Each structure stands twice: as structure tokens, then as C-alpha cells.
Amino acid sequence: MILFQSDYQEGADAKVLAALQATNALQSPGYGDDALTAKVKDQIRALCRAPEAGVHFFVGGTQANLTVIAAALRPFEGVISSDLGHINTHETGAVEATGHKVLALRHTQGRISAEQIRTAYDAHTGDVNHEHSVRPAMVYLSHPTELGTLYTRHELDAIHAVAKACGLKLFLDGARLAYGLAAEEEVDLPYLAGICDAFTIGGTKCGALFGETAVLKNAADWPHFRYHIKQRGALLAKGRLLAVQFQTLLADGYYIELGREANRKAQRLKQAFLGKGYQLLADTKTNQIFPVLPNGALETLQKTFAFAFWEAVDSAHTAVRICVGVTTPEENVLALHSALEAL
Amino acid sequence: MILFQSDYQEGADAKVLAALQATNALQSPGYGDDALTAKVKDQIRALCRAPEAGVHFFVGGTQANLTVIAAALRPFEGVISSDLGHINTHETGAVEATGHKVLALRHTQGRISAEQIRTAYDAHTGDVNHEHSVRPAMVYLSHPTELGTLYTRHELDAIHAVAKACGLKLFLDGARLAYGLAAEEEVDLPYLAGICDAFTIGGTKCGALFGETAVLKNAADWPHFRYHIKQRGALLAKGRLLAVQFQTLLADGYYIELGREANRKAQRLKQAFLGKGYQLLADTKTNQIFPVLPNGALETLQKTFAFAFWEAVDSAHTAVRICVGVTTPEENVLALHSALEAL
Amino acid sequence: MILFQSDYQEGADAKVLAALQATNALQSPGYGDDALTAKVKDQIRALCRAPEAGVHFFVGGTQANLTVIAAALRPFEGVISSDLGHINTHETGAVEATGHKVLALRHTQGRISAEQIRTAYDAHTGDVNHEHSVRPAMVYLSHPTELGTLYTRHELDAIHAVAKACGLKLFLDGARLAYGLAAEEEVDLPYLAGICDAFTIGGTKCGALFGETAVLKNAADWPHFRYHIKQRGALLAKGRLLAVQFQTLLADGYYIELGREANRKAQRLKQAFLGKGYQLLADTKTNQIFPVLPNGALETLQKTFAFAFWEAVDSAHTAVRICVGVTTPEENVLALHSALEAL
Amino acid sequence: MILFQSDYQEGADAKVLAALQATNALQSPGYGDDALTAKVKDQIRALCRAPEAGVHFFVGGTQANLTVIAAALRPFEGVISSDLGHINTHETGAVEATGHKVLALRHTQGRISAEQIRTAYDAHTGDVNHEHSVRPAMVYLSHPTELGTLYTRHELDAIHAVAKACGLKLFLDGARLAYGLAAEEEVDLPYLAGICDAFTIGGTKCGALFGETAVLKNAADWPHFRYHIKQRGALLAKGRLLAVQFQTLLADGYYIELGREANRKAQRLKQAFLGKGYQLLADTKTNQIFPVLPNGALETLQKTFAFAFWEAVDSAHTAVRICVGVTTPEENVLALHSALEAL
């Protein structure tokens, strides 16, 4: 069986693994208090052109999300998210477990708009009994979204402007950022560091063995952040392991290069699905594609390939998610391509 | 500088790293839903002679502790611990962050006794207003303790008996279990699986790149446990990575062998300190030693070696912690030994 | 200014206040551990024909809701509610502050249906990655709803059947139960005690100075419940005060009588609004009415009367909420009636 | 049976009850958004000579404590308390349920000292791994303490100085403040408002039917505080009820007068116990006394009088707590006095 369900079905990119191997014997203090980690944090600050930024590494995305969000909010505050947002759907209420409500807005192709955010904010502040409802204090965006779509720079500018006007922190979940950066060059790291109070640079889904980097715009605005990380069980003992991986991924444009290559493969598959006359649930430029398949065709393909079920579109058609990740072998893509043509 | 501060200053044992390398390209479903993970769980159940046990992998110890404890307790319940217990001192209130009080008892050489637990339990239940105080519902032990000491099988039997009589769950934190199993053969995995409702088999401090295994005595008593793991941000996307490491560590007695070797090195250092006429803060048989050094001697050694400060014993003496881990090179131990002799 | 914004604008019903006065000097143990409280709990069990029920008193509704819900759920579980449900809209995320997600379903006239609940439950359990999302474990209904509407016995039967089939606890918030019981005789206390795992009998909005009674179907299913109450800061020191009030309210059908009288007054006003040709946002039989007023008429009325703003229906019309409570003086109702006729 | 277990065994002081009666029909907006509440808040600010203070009413002490503490702390911060402190012993882990650790220090006669606080703070900040432990951020004192003792102005000055130097907020729980203010005139409301970031003025144990007032030194330092109150279920619907009671209690020195009278009665009993040659567990000047009784004498007294068991001092002696509250009838005190003499 060839797996296309997610972008974390294999291990790490070869270079990343080699770097872990090469540094294995290196002694270093625990918890990221080492010189290599410090150096990689500087590397990331430089890439983001954000010399004042706080940079912190996490093992996983849910961990990063819940820690950043809980650190940002006071007890009665909540975070605005698309109803399809990962924090609203696929983290088992991790944000609520820290005491905070996710304020979900209806998505359009995975995205929410500046107008929706403004309306939600105004509805709250305009309510004479506003202290009876959760105060919106942060906006959470996924980029790429859970539907593989992207915010345009124009859309992000508008959201940033509203967030700033309303005093809402802006947090962008970049679990699949490599694919986003590769597909839409206008949205790059310095831009994100400029508009976001916090954002993550995904590793697990983008070639690392594991790991996410959180960039906090202004370290001074996130005091004592390492306490938060430790309290949430997210401070890796051998913290250096995370630095080593991101050092490799982020050197010399490798991260974007990896993303571009995966996008290319995914888009090739997308064209093949379109060539068969199939619809797409969402039209994406990144590494996730969402073809709507006749159930018969799906059954045939599933003899060899595993996809993630997305939704039953009607009684005869099913939308699936197909991910092509950094570590997806080219031959797997070719095999699916051939199988499609042979349908 | 040669580091002896902790047992996680290097990467992984060579065999573990090789196993990660060897399986890197293997495709598998995420989150530990794969065949290899299932197989390793069976391997662990067999080692523990606990066919009904739930086995779950975590990236780190704080994560494992907070997830197991929060899963076991109802909101008004607390966990009894030594006041030196890791959950009481060095997890930034991670247990409290899940809503639960740690009920600390005064330790003796890192340990608490069955009698202390019984007294605390009786004090609660005997109080006519018991619902005004936190209900003890679990006992947390570290083995080895934070002072490197061990519970004897006799002590554990007594604690188990009290816990059972009082309806308290028993949870043993085995972050350094390799060293404990190697040093005290009467306490082995089947024994622990017999007396504990839950215990962990440490990886991070015992040769893994990262990872802890939680063994839940009776899976049926911990329903829906994976929801807890996911909610706490502790469900590793590439879950297989954890299984691969524990498969290697636990095969053919390797885990205990690694522990024995480190203990041997540590004990050799201990003898050297004793040979110099220094006291020990706690007398240990495991990989952690706690010599009390004259401040002058400490200063000299610290030019070359890094230790963990433990406490100022008096104005002229300081206790330090020295850890020799699975991955500590023999030459580092020899270097310290020589330096000691040269003092 | 004459106030119609809520049903808690005055103090207590005269009989309730007299009972507090009459028992003021009575000595009793704290926290409801007294004979009078025990007697009133028996009285309530008898009224509900639920001899096994747990009966507990709270000072307020948010307190009662958050305590009952947090006691019922395990950390990864959530509570299904109408999106208009009080816990979802007007308790400042009190349920989330205990760690639990409110799983909101779109309301129809304030109500949700058995079908919606079933669909939500099936969507969760049918998801292969169900442990990545919050597990529905309870259904929260308000009766009367926040829109003053009522569930029919037929609807409640269907919801009860689905809840039972899916293993969901059923919790009914009866903050305004007096008005509901009076308006719909088929839904009475024994019926509620039969279908609900927990429900509340409102005092604050129904003639008490303050207080809510929680009836827990089977006390044995809610072990150690008083610990929960105390932990949430909800165990009134002079617990007897709550028993005294409910003793008075619930004696000899007085509670329903009070509700009926308020409904009568409210319905009289409703007819007056309809008589003016105004629409209703929701058609209610209880003590809350929701007329849609031309803005000009609203402005005129607001010179003398205060209503709760509900929503701007269009640029020329506004829906308001008008409450007539147990303690609303008849002359206030007459004054509004006259003002309406004079418009 | 004559009850001396606590200071909340009867209802309210007669004047307080009369005020509730007199204002019962008054219409007012809910949640303390009314003119009377505003006026009483001004009255309290004036009494405290603290024009910038935030003043908020709560129904009960646990509620007030958990709300103030959770509002003050960030997730990784804890509150320093005497190990006998109410929040550490008799609130069922209410503070931990909001996510925060209580950092308990050994008490001396119910009190902790400035030195102890300084030492605890220094131990934390001096730890190189300080982010692995809970950060002390607030000091909680009870005055009078749980042992009926009082801090001197000198002691409070020292604690204030340390708290200020260390950036710790100072919170004083005045559940029995009437008795404290009456017994030690140097510590008055303006003084407390000057040194405390927050303190409470107790009602429930000092003549109110129920209620505590929280005074927040500088309202601007506690932004959005009403959200916290509502989220914790602590915003009383008929908020005016609390204002009415404190208006009465705090007018014209009545509060202190009530405290003085109760202290007088308690002290009279204390002298009677001393006259019998009995020891005191703690020597108090307030309304709580802690005689150590021979078990035989205790048995005899308990035929007529109920005391709170405090501790078994030895096999032949038991310490009990005897409370004389604002509402304790003089004849009860006389009866106990006579019984003592007749022993």
C-alpha cells in the first residue's frame, strides 16, 4: 500500500537525518541552553529580519499552538479561528483544556476574512453586557490552511490591519509553511515576522523528523516564555535536536526548495485528476489536493493507495485529501499518476 | 568543558540512532497507528508479563506525567508525592496547570513511606469537612528518586498495600528506570506491572534520542487514553519514531545492560570521591551521585567539568549532582577520575 | 424608569423574604449540613418522585452549570449545546475555563433537535481519527430556552432517546423553570427527573432572592459531588439560606403558581404588541417576549421603559426582550400596556 | 445544642436583614450595574482612602480568593501562602483548579514572615533552571489568620517591603476582618489599602447574610476584572443585594463595633478557659479561641455545646476551635461560661 494520507508518513529528509547523526556525540546542556541552539535562533531571526524576535522550538504543532495561545491570553479571553482551523477541529480541545474558548468563524475555502474578524470583534465590544461573553483577543490563521489554500498578501494585510485596530494578537500556524512559502512568494518570512505577533515554521510536515519553530515578533512582549513551554511539557530535554534540524532545513533556501518540489509533485497529480474530469473540493497550489472522486474510481485506487477521507460530497462522490510531502518518494507519485491514467 | 550535569547531554545510543536511520524511509500511518508500533507495544506487554496493559509512548517526561496524572484524577483529587518529587519541584506546576494539587510529603533520602501515605489519607478521610480539602487519589513515586536512591521491593510492597487499601492509584515515574532495574534486580518490569496502576520506562535519560513509555496496568481502566495524549499535545505525528527506539532499547536485555554500564561508571566515581574523604548527600547505587565537596576542590574541578549545583551544605561545602548516562563517554569518566586523584 | 430587561430586577417574592426573616436566628451547621436543608432535599426528591436523586443548592446559574458540567465530563469531553445556549454565549467561557469545549449546534427558535445531536455524535464516532477531536459526552438544553421557547415533551423524549443511545448525559438548565412548568404542563418535575441526568430548578429568576437547585438523577452516579461544589467556590457558608427559600417556593405548588401569574402578564403584553401589528422574533408562551419594534416606537417607549436590546432586525426595526418576572409589579405591566395603546 | 463551630451559624445581623427587606421592591439593573452599588463602592473607596481602587462584591470567600488570585497570576505563576492558609487547606484545591500552585511556607502561630517570603523568592530566582519551577508572584495572607492570630503592623510593613522589592503582589484575605480591625487598631482600612494590591472585607463571617468585598488597590492594574468574576460564576444576578449589606455594615463604624463586641465575648470565654488552667493552642485577641481541653471536660461540654475539632494534642487533650460571631447570642456565651465554671 502506498500512503498519501498525510505529510508525515516517512521519517526525515536525508540531510536532516545526517545532521542529527553528525552531531549525536556532541555534548550540550539540556533544554536548548546550548550554543548551537543560540546560533540557530540567530539564524532564524536573521532570515525573518526580526532581530528582536523570540525564537522557540517545539516538538509538535498542537503543543506549539496551545502554548503560544495560552501564553497570549488572559483567562477570559478567546481566540478567533476558522471553524475548520486545526485548533478548532483536530486538537481534542487542547486550547479549551488551557481554559480558553475558540471563537469559530465560518470558513470560505479554509480562510476567514478581515471583515468577519471585525464583525465578531464589534459584536463583542458593542454588547452592553460584554463581560458576559468571551473577549476576542487573538486571531489564529493557518497558512496554508487545512484545505491547502493560501491567504494572499492582500488578505493578510487586511487581517493584520483589523487585528491591530482591535488590539487582537495575530498568530499564524505554519505547520505546512514550506509549501506555502514556495507557492506564494509574496508571503515570505520577513513579511510574516512583520505582521504576526507569533507564527510557526513547520518542521514535522516539512522534512524534519519532528519539530516546529515558534517565532514571537517581539520577545519582550512574551516575558518568561520558557516557563510556559516547560509547564506544558514541551521543553525537549535534548533541545539541541530541534536546533540541528532547523539549522539544516533553513540553510540556503533548502526549506523552500523542499516545499517547491513537493508542490510540483502534488500539482502534477492535481492536473491528472482534472484531466480525468474530476472536480476539486478546493483548488490549491500547495502540497495538499482535494479531488472529488466517483466512488467506483476511489475504490479501485484504494486497492493500492491510501488517501485521507475528507467528506461524502453526494451519494456517488467522495472528496479525499492527498498529501505529497517533502519525503514522499517520486515513484509513489508516478505510481498514482499511472494508476489514474489507467482508470 | 566536560559535562556531567545530566543524563541527556549527548544524543542517542548508537544502536538506537542506527534503527532510526534504518527505518527512515518506511511509510507508516501517523500517530502510532502503525504495525511496527503495535508490535513494539506487544513486545513491552510481554516483557512486563502484562497482556492487558495499555502501552503508550510520549516524547518527554513532564508530558507523560501530566497526561497520566490528569487522566487518572477527577477535578477535586490530588496526587501524593515526595516534596522532592519531579512533579512537585521541576515541572513548573504542570500538574497544577491541569487543575490538580500535588500533596507533598517530606522525603527521606528522596523517598516517602507507606506510613506517611496512610497518615495523609487518614487525615483526609477522618476530617468531618473532608470535602473542603483535596482528596488524595494517587501516589506518585520516582524510581530511582531525584536523589538517585531506590525503593526496595519491601518498601514498594508496603506502599502498594496501602495504596490498594485506600483506593489510591499508584504511579511510578521511571525516567531513569534503566539505572534502577540494573542496580536492584528484585524490582523488575513484571513486578512493577504487578504493583503499579501506571509506570513509565524512561528513554530520554536512558539512551533514546527522546521518549518515554507509559505502561498502564489495565488498559480497560484507562478508557479513551489516546484522547488525553492528543489533548495535551503529546501525540507525536510520526509516532513510529518512538516505537523504533524502544524496540531497540528493550530487545535482549539491552536496556538493563546500558543501565548497568552507566551505574558502574558512576559508582567508580563515587568511590573516588569517598576515597578523597568526601561525604555524600545521598548514598546511591545508580547513575547519579551527590558528593559534598569543599568549595576549593569544587572550584578547581569546575575549570574542566560541569556539574549540577544541588545545595550549599554549609559555608565551606557544596553538594553537586553528577550524572553518568548511557551515552556518557568512558573517557569523560576517566578524566574526572584522574582530576579527582590529582586534587 | 420602569425596568423590563430581566427577571431579576427586584428582590425576592414576599413569602420567600418572610421565610428568611423567620429563620434568621436559627442556629445551624454550615455548608448545608443541617436538618432543614436535609428536609428540603427530601421535599424536592418527593416532588420529583426521584428518591435516589442527589439534590444540591447553588447561589447562581453559571456556578451551577459549570459545576455540573465539569463534574460530568472527563478532560477530553465536551458538551453539546444550542449556539444560543447560555453556556455558549453568556457565561464568559466558564465551561471552557474548566477545560471543556462547548460543541455548539445551530438553534431553531432557541432549540436543537434529537437529529442534530445524533448527527454530531455520529460524525465524531465515525471519524477514524476521532481522538483528535473533542468527544461529545453531554447534551445541554435550556428550558425555557434563551428565546423563551419550550421543548415539547415529544421533542424531549426524542432527545432523551438519542442521548441514551449514544451514552450522552442529558442536562437541562431550568433557570426559568417556573415559567416553563406553568406554560407546558406535560413537562413536569417527575418527567424531567426521569429523562435528565441532571437539571436545575431556577430560583433567582423565579422569586428567590438568589439560588438554583440542581437535581442529579441518581446520586450514586455523581460521587463526591460536594467536593466539586466547594472547589468551584459554590458551597454557601450559610447553606441553609438556600434551603429555606426553596422550601417556600416549592411548597403547595407555589412555584408554578408564581410562574403562571408572570406568564399571564407577559402574554397580555405580547397580545398588546401583536395588536399593534408588530412581529415577534420568537413566539413564546412564557415570561419572556421578543417583539420587533419600529425604531420610532421603541424610542418613545424607552423614555419610560427599559428593555433588553436583542438584535437589529433591519435598519428600521429592532427586536427587544421584555421579561416579566415573579416579582414584576402588576402596575408596571399595566403602565407598559397603556403606553403601547397610546403609541 | 448550642453551636460554636463557626462564625456563620446564624443568619444576618438585624440591621443588615432590615436593609434587605427595605430595599426588596427596588428595581435595579442586574449584576451590580446599579446606582446603589456604585454609591456603596464609593463609600468603600472613601473608607479606604483609596479613590483609585476597584471594589467588587462576591458571594463567598473561596470565590473571591480564586477569582482574585487567578486574575493576578500568569499560567506559570504561583501564590505564596502559609501552609495553614485557607487557600492551601480548605478550598478543595480551588486555586489549583484555576491552574496555579500554592507555594506553602511553614506557619508560626498561623503567620508567615517577610524573611520566609524573601528566602522562597531568592531560592526561585537564584536557581539556574528557574523556569522549571513555579514562579512566585503573589503573597496570600489571612488576617486574622486561620488560628485567630493577627499580623502586627510592623510585620505587615516588612512583608509589604519584601513583596514590593520582589515584584510580588500582596493579597490579604479579610474573611474575618471585622474582628481583626477591632482587635488591632493600627491595622485599619486605609493602611491595608496602602500596602495590599488586593484585600477582602469579609461579610459572611461578620454579620452579613453572605458576601465579601474585594478591594483592588489600583483598578487600572486589574483590567477587565468583571470578566473574571463572571467567568468564575461569581457575578451575582441581583448584585445590589451585596451592596445593600455592605452599605449597612460599613456605615458609621458599625462593622468594627460588631467585631469588637464579638471579640469581647470570645475573650471573656478565653479568660474562663484560662481560669480553669487550660492551655491555648494559639493566644488570640479576636473572635476565635483555641483552648486545649482534657478529653473528659470536652466530653461533658459537648453534651450541650458544639465546637470545631482542631487537633488531638496528646492522648488526653484535644484542641478545639470556638467561634463567637457577630450574630452569636449573648446568652449562648453566658451558657458556655456557666458550664465552664461548673466543670
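Lettered A, B, C and D in written order, each chain numbered from 1.
The working rule: contacts are C-beta pairs under 8 Å (C-beta built on N, C-alpha and C of every residue); 3 or more make two chains touch, one makes a residue touch a chain.
Keep in mind the model is a prediction, meaning the values are calculated, not measured.
Colleague: Which chains does subunit A share as contact partners with subunit C?
Modeller: Of all the chains present, those in contact with both subunit A and subunit C are B, D.
Colleague: Measuring between Cα centroids, which chain is at the maximum distance from subunit A?
Modeller: Chain centre farthest from subunit A's centre: D.
Colleague: Calculate how many whole Å lie between the centre of subunit B and the centre of subunit C, each centre taken as the average of the chain's C-alpha atoms.
Modeller: 49
Colleague: Just give me the whole-number Å value for how far the CA centre of subunit B lies from that of subunit D.
Modeller: About 41 Å, centre to centre.
Colleague: Based only on mean CA positions, could you tell me how far subunit C sits from subunit D in angstrom?
Modeller: A distance of 33 Å separates the two centres.
Colleague: Which residues of subunit D are in contact with two or more other chains?
Modeller: Subunit D, residues with two or more chain partners: 75-76, 91-93, 97-99, 129, 131-132, 227, 230-231, 235.
Colleague: Sort out for me which residues of subunit A touch subunit C in the complex.
Modeller: Spelled out, the residues of subunit A in touch with subunit C are 75-76, 78, 89-93, 96-102, 128-129, 131-134, 309.
Colleague: State the interface residues of subunit C toward subunit B in the complex, per the touch definition above.
Modeller: 31, 70-71, 74-76, 98-99, 129, 131-132, 135, 224, 226-231, 235
Colleague: What does subunit C use to touch subunit D in their complex?
Modeller: So the residues of subunit C touching subunit D come out as 2-3, 5-6, 8-12, 14, 17, 20-21, 23-30, 59-67, 91-94, 97-98, 204-205, 209-210, 227, 230-238, 241, 306, 327, 329.
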